[in-house]
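One structure, pasted below without further comment.
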Amino acid sequence: MPITTEDMVRWINQVAIVLHDNRDYLTQLDSPIGDADHGINMDRGFKAVIEKLPTVANMDIGSILKTVGTTLVSTVGGASGPLYGTAFLRAGMAASGKNELYEGDVVLMLEAALEGIKARGKAQAGEKTMVDALTPAIAAMKEAEQQNVGMSQLLRRGSDAAEAGMKATIPMLATKGRASYLGERSIGHQDPGATSSWLMLKTLADTCA
Amino acid sequence: MPITTEDMVRWINQVAIVLHDNRDYLTQLDSPIGDADHGINMDRGFKAVIEKLPTVANMDIGSILKTVGTTLVSTVGGASGPLYGTAFLRAGMAASGKNELYEGDVVLMLEAALEGIKARGKAQAGEKTMVDALTPAIAAMKEAEQQNVGMSQLLRRGSDAAEAGMKATIPMLATKGRASYLGERSIGHQDPGATSSWLMLKTLADTCA
Amino acid sequence: MKKLINSPESVVTDALSGMQALHPELIHVDFENQVIVRAGAPVRGKVGLISGGGSGHEPMHGGFVGHGMLDAACPGAVFTSPVPDQMLAATRAVNGGAGVLHIVKNYTGDVLNFEMAAELAEADGIEVASVVTNDDVAVQDSLYTAGRRGVGVTVLLEKIVGGLAETGASLAQVAELARKVNTHGRSMGMALTSCTVPAAGKPTFELPDDEMEIGVGIHGEPGRRRVKLAPASEVTEMLATPIIEDLSLKAGERVLAFVNGMGGTPLIELYVVANELAKILKSRDVTIARSLVGSYITSLEMAGCSITLLRLDDELTRYWDAPVRTPALRWGM
Amino acid sequence: MKKLINSPESVVTDALSGMQALHPELIHVDFENQVIVRAGAPVRGKVGLISGGGSGHEPMHGGFVGHGMLDAACPGAVFTSPVPDQMLAATRAVNGGAGVLHIVKNYTGDVLNFEMAAELAEADGIEVASVVTNDDVAVQDSLYTAGRRGVGVTVLLEKIVGGLAETGASLAQVAELARKVNTHGRSMGMALTSCTVPAAGKPTFELPDDEMEIGVGIHGEPGRRRVKLAPASEVTEMLATPIIEDLSLKAGERVLAFVNGMGGTPLIELYVVANELAKILKSRDVTIARSLVGSYITSLEMAGCSITLLRLDDELTRYWDAPVRTPALRWGM
């Protein structure tokens, strides 16, 4: 079953709720290895997205995602603003004109998003960033797609892989972002951006499966 | 028996020791109704006096007391510096040229000292200051002199009256100095300056009797 | 006690050495007498301006020594008034033949020590005039007290009167303007936290996490009352209203608005207070013609602020605008 | 959390309103885009200078907008870099036809947002050059990190480059001088206490009563190491030595010495540190030719300090001395 425009809108609304509920949690994660604002930033951004959403809710998925991207760029600030903003913009381009997304579309769209993040942030997997949650997630979805397990299975596996990737950031030594200033002391803490990435993919599986 | 130059020097040295021993006590008294420095100020001042003393120890009593006064003025600061400084200067003038002080000389000398404090501080008895320890003390000594009870009795009665005057400051409402900013809240605390005044007169009785 | 110092005993002289080392073109420190003197003092034919008080209120007063403001400052031990010897040495150092003005904040210790210094200076043949600032409206029924404390107005007075003194005005004129500034200025402060006197090692007073002290003095003296924490709008109201009423500011009048930090409060919060103050004054149709925002008269690391309002006329405005060059205040040169 | 604010949500706009209300002759605030713009901008034919970053570092950057320094500043949320929209609006507002320099502190967030803004501005046909400051020597082996953070040198750079821009120099010349300043300056900071982000409500990090953080960042980022409290002489040594070595300062060279307060530390302590710094430099025969002491780049109410040393030559000295008139830095006019 493909993901529809309505699914997308439901997902984005749900992400706003989930990020709001996890505002303090994400901010706490950002304290020991950052500047204690990731939850605040994401919550501010998606509040703005929710206000914008109605104006585009009946457009195609690409337009919706591009609007989310520009809104995040305009409201989040910090490192995560341009990164998630770019991600949604690239995803929107990949999905432009579409009103339904099949398994293959989802994978292509998320690959484009990840490429956008890596290009903007000059980051690779293994640097203790959101990239470490998204990379395994997309790999798992790609595999799931080849195995034709269906949309809900695909999204669930992506979410689970993102969670594993997020947890895998704990022992990592950060070499990008604020956490990198800590050197050795960044080890032992979970990356807040990887956590918000997992929350978005988990919500995708929960709402579109 | 008159008070000699040697008695005076012994007294001043002893005052320095007593004030040093009561440094924290006087400072504590100055905390609730002042700025917690009276003991520090007096100790600093008499430390300096002790260093100066040898240079004048074999001069007349007047010169010795004037030196104590100028030294206190130069080193104590705060309210008590000019007040005690003036007191010793005035006492010194009253005793200038003398090498012995008889009962009558002692009363005149201390009256001059008290007048100096009242003039400098524009203070009257009943305002919760050092004046409240010195006023009854000098009155008692004056009476003792008329009764010809002898020097040691005279000094002892002065010391006892000073102690009573000091205790009498507890229920008083302060209308001079820092304590006056507290208004009603100054009631119930013993005045630090009245306490240092009593300590000096008690030491006088202890050393010259 | 967490402080960037070497020892409680050396903090004042260490800080003076730092000023000497970093501002040699503006000031020099006479360590023997513990006096900060304007470079090139005395200025021939100019009235000398000196002030002083306990340390712990930096930049006041040493940071205000220089062209267009003070000629010398006498720092005492932390929160303890300096001694007459310092004031006498300062008076001698800045006497350019036109006499010397002593700017004294109204605390018994400061007043008595400056009184003795003035007597000694006059015995020296130096003409001395004194002005005592007493602008703290937190002190009520000052008939039964040592009188209102001298606080924020002292900073404005030193700048304005310093401007006049540079013109070669007489001691009488300078002293008269000083009294005028004191007459038209009022202040009130508040504390969010206590401060710690280095020699004492523990906080001067205890303040619960959910309370603040309204009307606090710059030595941590208790104020009018303790209240629960409140938004900046209410705090500003509590400080500004007594000032405005005591000054009986009328619609159409112009003021210099001085929002001062107590030492531990950052500038972003002072601007929040400044905004509330601007709203209050606007609602009363009082114009902010000049302003000063920052930590200029402090209480060590105390968190909190004070507000000072000075009624302006053309004369006060002109001398406020006059060039000044000191370590802490500088413009026009 | 004890702060003079109305609410965590309104603190930044309240403070901006306060600046607007008290400095109308110097700046005006574009609230829609959250940009502080120099009064009278754009200046025809002059290169426009803009900077920006998270709020909570006041007076940086908004307090540095005015003649001889910045043309506009973009304040983000507390400790969060501003967004490209603000930077684009600022770039448009200050473009006097000679192009615009973006002064960016090296933090991933600031760099990425300014990058996007520059792309948008160029699409707009505005010539933009960017300089990234990265002077914090606390960050080691910057090959494996996001690189050294931009801190105290940013303040000095904005003043010096602002001086050149007033002369009508080209964007290329202005950008070149900016890079030169960054090349010759280094900084390092320390914290005695944490700070509390208003929206977070609790301290960013925990620091025991007997410990301090050496090499802390201006957002409370942990530094090189935690050590027991030490006298100011040792603390200054810990900050100055890495700076001096990284700059490889030689005997006979001249520097600008900048002793900065983190927000909660009073001036008296900064002068104690300044004195220790002067001793260290003297012992190495390095001359303090210019100095700046005060809280100019802060971390909310954090107690602590940072030291910045800038190697001076005649060019840098000339533009440092050039007239400046902003809310926080003013001389020569």
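The first chain written gets the first letter, and so on, giving A, B, C and D; residue counts start at 1 in each chain.
Note that a residue touches a chain if its C-beta (ideal position, glycine included) is under 8 Å from a C-beta of that chain, and two chains touch if they have at least 3 such contacts.
Quick caveat, the model's predicted, so the values are computed rather than measured.
Colleague: Going by the stated contact rule, which chains contact subunit B and subunit D alike?
Modeller: C
Colleague: Hey, which chain ends up farthest from subunit C, C-alpha centres compared?
Modeller: A
Colleague: Per the centroid of Cα atoms for each chain, what is the distance between subunit A and subunit C, given in Å?
Modeller: Taking the average C-alpha coordinate of subunit A and of subunit C, the gap between them is 55 Å.
Colleague: With centres defined as the mean C-alpha position, give me the subunit C-subunit D separation in Å.
Modeller: 29
Colleague: Nearest whole angstrom, what separates the Cα centre of subunit A from the Cα centre of subunit B?
Modeller: So the centroids are 78 Å from each other.
Colleague: How far is the middle of subunit B from the middle of subunit C, if each middle is the mean of its Cα atoms, in Å?
Modeller: Measuring from centre to centre gives 33 Å for this pair.
Colleague: Would you please write down the residue numbers of subunit B that are in contact with two or more other chains?
Modeller: If we look for residues of subunit B contacting two or more partner chains, we find none.
Colleague: Which positions in subunit D touch two or more other chains at once?
Modeller: none
Colleague: If each chain is a dot and touching chains are joined, what shape do you get: line, ring, star, complete or other?
Modeller: line
Colleague: Please list, in label order, each pair of chains that touches.
Modeller: Those chain pairs which touch are A-D, B-C, C-D.
Colleague: For subunit C, which residues count as touching subunit D in their complex?
Modeller: Against subunit D, subunit C makes touches at 2-7, 11-12, 14-19, 21-23, 55-56, 58-59, 63, 192-193, 209, 212, 229, 231-233, 235, 257, 259, 263-276, 278, 288, 291, 293, 295, 298, 300-301, 303-305, 325, 327-328, 330-333.
Colleague: Help me check something: in the complex, which residues belonging to subunit B touch subunit C?
Modeller: Subunit B residues touching subunit C: 27, 35-37, 40-41, 73-79, 81-83, 85-86, 120-121, 173, 175-178, 180-183, 185.
Colleague: In their complex, what parts of subunit D are in touch with subunit A?
Modeller: Where subunit D meets subunit A, its residues are 54, 76-85, 107-109, 112-113, 115-116, 138-141, 144-146, 149, 197, 199-200, 204-205, 217, 219-222.
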